[in-house]
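Here the chain labels run A, B, C and D in written order, and each chain numbers its own residues starting at 1.
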Amino acid sequence: MTVDQIIFLVIAAGTLIAAFRVVTTGNLIHAAFWLIAALFGVAAIFAILHASFLAVVQVVVYIGAISMLFIFAVMLTRKDMRDQGPQLNRNWGFGAFLAALAFAGLVFLVHGWSGVAKTASAFPSDFDAVGALGNALVSPDAYVLPFEVASVLLVAALIGAVYVAYNRK
Amino acid sequence: MDFLKDPLKVAADWLLGIFSGWGMPDLWAQVLIGFLGIFILVALLMVLDIFLVWIERKVVSRFQSRIGPNRLGPFGLIQPFADIIKLLIKEDTTPEGADRTLYNLAPILSMMSVLILWAVVPLAPSILGVDLNIGVLYIIAAGAIGTLSIIMAGWSSNNKYSLIGAFREAAVMLSFEIPMLTVMLIPTIFAGSMGIGAITQAQDTWNFFLAPLAAVIFLIAAIAELGRSPFDMGEAESELVSGYNIEYSGMKFGMFYAGELLHAFTFGGFWAILFFGGYRFFGLEQVSAFLAIAILFFKAFIGYWIIMWVKYTLLRIRIDHMLAFNWKFLTPVAFVLLMTTALMNALLADASNWLYIGGMFLSNILVAWISLEVARSASRWERERVEGTGYAARRTE
Amino acid sequence: MVPLSWYLIFSAALFSIGLFGVLSRRNLIAILLGIELMLNSVNVNLAAFWRYGDVTNITGQVFAVIVFAVAAAEVSVGLALVISVYRKRNTVIADEIDMLKF
Amino acid sequence: MSSWVYIGLFLLVGLIIPVGAIVAAWVLAPKKSNPIKQTTYECGIETVGDSWVQFKAQYYIFALVFLIFDVETVFLFPWAVKLNSLGMFAVIEGIVFILILIVGLVYTWRKGMLEWV
């Protein structure tokens, strides 16, 4: 086993443990902090994959913004945070079964697929991933439409969410 | 001569020779050398941090017509060391009902979020730090960890004041990140890269002359990001005692305090790097790496001094004014400036160098002037509406 | 070198844990936390396929960035709904929000 | 060797040094705790109630606006990197992108949702 593999396994195990704590912890604030740990682990996975931009965006967007939103929302609905009885619903056994089934199915699919034998190719010497991303996002024959539509989507989400959450007196 | 030009490489080669002499594999030797180098850099930063305490106290005392620390050693230079001894031997209490893990983790994360910023600081032409091609976003990512540590400290202390302080501080820090991110796009446009090293190298003309308004907005957002006066909402002594760090004592409080000072200095440094050419100063940086580091630190200290000047001159702003200032003035101005810069950059792409600089400078001044005029007429409108005079009042009747 | 299958199995595990959270938690916010885990596992897959395919073809990263935007939109609207429901019904337990049942 | 290894080392050192300082203080400092010392600080008077504070929805609104703008700005970074080589069309696209964004800000502002009180 090489060093990369050990690093990957350590990070992956830590991320999965954190993710497991997210779905099992009773205290919601703790669940949010465990989520942050899991997201940080995913950012490290991106770094191992040499997807620098995604790794940093993961920290900026998920840890810096989305998890803050979660913590703020938990604080706003905090009366329900403790002494609420079981945190899992009646059918949690069925949920666990479905999740295990999904995992088994996905592993089966991965196992049967011939593409997994692929190895990562080396980067071309002057390859600039961020520059390539910029080119792809704004050149007319690539992803310019998703780029603009993402803007519309976010504005729609902003307007809708602010309208729903706003406390009209 | 080689050592003066590129001390890091000479030292690394020397150490690599020693380590491989011991029979260490090449990869491990390199990792160990990297670790040692980073450890020395961070340790030096902590020493610098100790002196920042002294500088801060001396400067604030001059602003307030006092002398400041002057008993221990020449000019009171030994004073910060006495402070450290006091922090070390002070009893560390944990409040009842505190969430111990998070309570202990928060000061560590707070310090760490500042220390990891130095990973991307280009100290000299030969010492670019970790030259990530996403350096600008890395600064924001480290800031996200800082915000997280504040929330952690506030929540885990089990104290009303610290919770309120942490949430106010977080709201302010989050809000001011937007203009900061936006103006960081402007040096990125000029350099054509997000790498901090590339941004420094691209500044044949300081970015300040190309985007003076962006530099000002960055400084304001940085001060808010640091949580220093006039944006020290998290600490607000008169209302919240000490804000998010109220329950901390001893070295844990010391971590927050030292982290804040080093953070301020670091942002002075980033201001210098993004808008004032970093280590560059009329080719002097090519003479020796040490000279380049000295230039960078000199510029960083000027930035730090301006941050202190603002802190000890202005009073704290009310939180609603603060957020309104950000969302209703700073953010729109930053976006308008970004659009103007992008447009001018494309229009002046083929122009001569002087025309390019002049056009950029004038467009910045124009945006600043127009936005100030708009803000002034809006506030006059508001004042007349409240006072019941003028056109606004007549229209609403 | 880490084999591609490890990334895929890791993301499958992350997805399944998220799915378990979505199906079994009672608290609405906890359900949204589970959805975040699922979206992240998708991103890991996209990044891994980019790295192990043709790296000059940036499509995987573009998709991942779009997923970030979608996640942001999802979480903002979702939590706004939770807060709105909490204000009206004073609960964030999914079982108790049964206004549409009758 | 990837530059992320150095970032990892920085994270490690950034953890070690504060932990070392806090552990040193823990070793050196006296430990004479009593229930009075451990009470929550509230300006010297008896603590009233627990630390539960009802926050207002305004915190959430600001975090929400921040989240949307954060994601949008992140989208703009790849655009800004390539701006010099892409020409006028890309500039117009970016400006349209920002203008759509500003529509959202203006809406929130006009509806009075950016007011703190």
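Rule of thumb we're sticking to: a contact is a pair of C-beta atoms (placed from the backbone, for glycine too) under 8 Å apart; a residue touches a chain by one contact, two chains touch by 3 or more.
Fair warning: this is a prediction, and the values are worked out from it, not measured in the lab.
**Student:** State which chain is most central when centres are taken as means of Cα atoms.
**Tutor:** Ranked by how close its C-alpha centre lies to the overall one, first comes D.
**Student:** Contact counts by the stated rule: is the higher one at B-D or A-B?
**Tutor:** Counting C-beta pairs in contact for B-D and A-B gives the edge to B-D.
**Student:** Among the chains here, which has the CA centroid at the largest distance from chain D's centroid?
**Tutor:** The chain farthest from chain D, judged by C-alpha centres, is C.
**Student:** Return the distance between the CA-based centres of chain B and chain D, expressed in whole Å.
**Tutor:** Chain centroid spacing, chain B to chain D, equals 14 Å.
**Student:** Roughly how far is chain A from chain B, going centre to centre by Cα mean, in whole Å?
**Tutor:** 28
**Student:** How many angstrom between the C-alpha centroids of chain C and chain A?
**Tutor:** One centre to the other, that is 6 Å.
**Student:** In angstrom, rounded to a whole number, how far apart do the mean CA points of chain B and chain C lie?
**Tutor:** The answer is 33 Å.
**Student:** In chain A, what residues contact two or more other chains?
**Tutor:** 48, 50, 52-53, 57, 60-61, 64-66, 68-69, 72-73, 75-76, 79, 129-130, 133, 135, 137, 150, 154, 157-158, 161-162, 165, 167, in rising order.
**Student:** Indicate the residues of chain C shared as contacts by at least two other chains.
**Tutor:** Counting only residues that touch two or more other chains, chain C contributes 65, 68-69, 72-73, 75-76, 79-80, 83, 87.
**Student:** Which chain B residues reach two or more other chains?
**Tutor:** In chain B, the residues touching two or more other chains are 27, 132, 134, 137, 167, 174, 177, 193-194.
**Student:** Kindly provide every pair of chains that touch.
**Tutor:** A-B, A-C, A-D, B-D, C-D
**Student:** Quick check: in the complex, which residue numbers of chain C touch chain D?
**Tutor:** Chain C reaches chain D through residues 65, 68-69, 72-73, 75-76, 79-80, 83, 87.
**Student:** For chain D, which residues are in contact with chain A within the complex?
**Tutor:** My answer: residues 2, 4, 7-8, 52, 54-57, 59-61, 63-68, 70-72, 74-75, 77-83, 86, 89-90, 93-94, 96-97, 100-101, 103-104, 107-108, 111, 113.
**Student:** Of all residues in chain A, which touch chain B in the complex?
**Tutor:** Per the touch definition, chain A meets chain B at residues 3, 29, 33, 36, 52-53, 56-57, 59-60, 63-65, 67-68, 71-72, 75, 128-130.
**Student:** Going by the contact rule at the top, pick out the chain A residues touching chain C in the complex.
**Tutor:** Chain A reaches chain C through residues 2, 4-5, 8, 12, 15-16, 19-20, 22-23, 28, 31-32, 35, 38-39, 42, 45-46, 48-51, 53-54, 57-58, 61-62, 65-66, 69-70, 73-74, 76-77, 79-80, 84, 86-89, 91-92, 94-96, 98-100, 102-103, 106-107, 110-111, 115-121, 123-124, 127, 129, 132-133, 135-137, 142-143, 146, 150, 153-154, 156-158, 160-162, 164-165, 167.
**Student:** Can you list the chain B residues touching chain A in their complex?
**Tutor:** 27, 102, 132-134, 137-138, 140-141, 143-145, 147-148, 151-152, 155, 167, 170, 174, 177, 193-194
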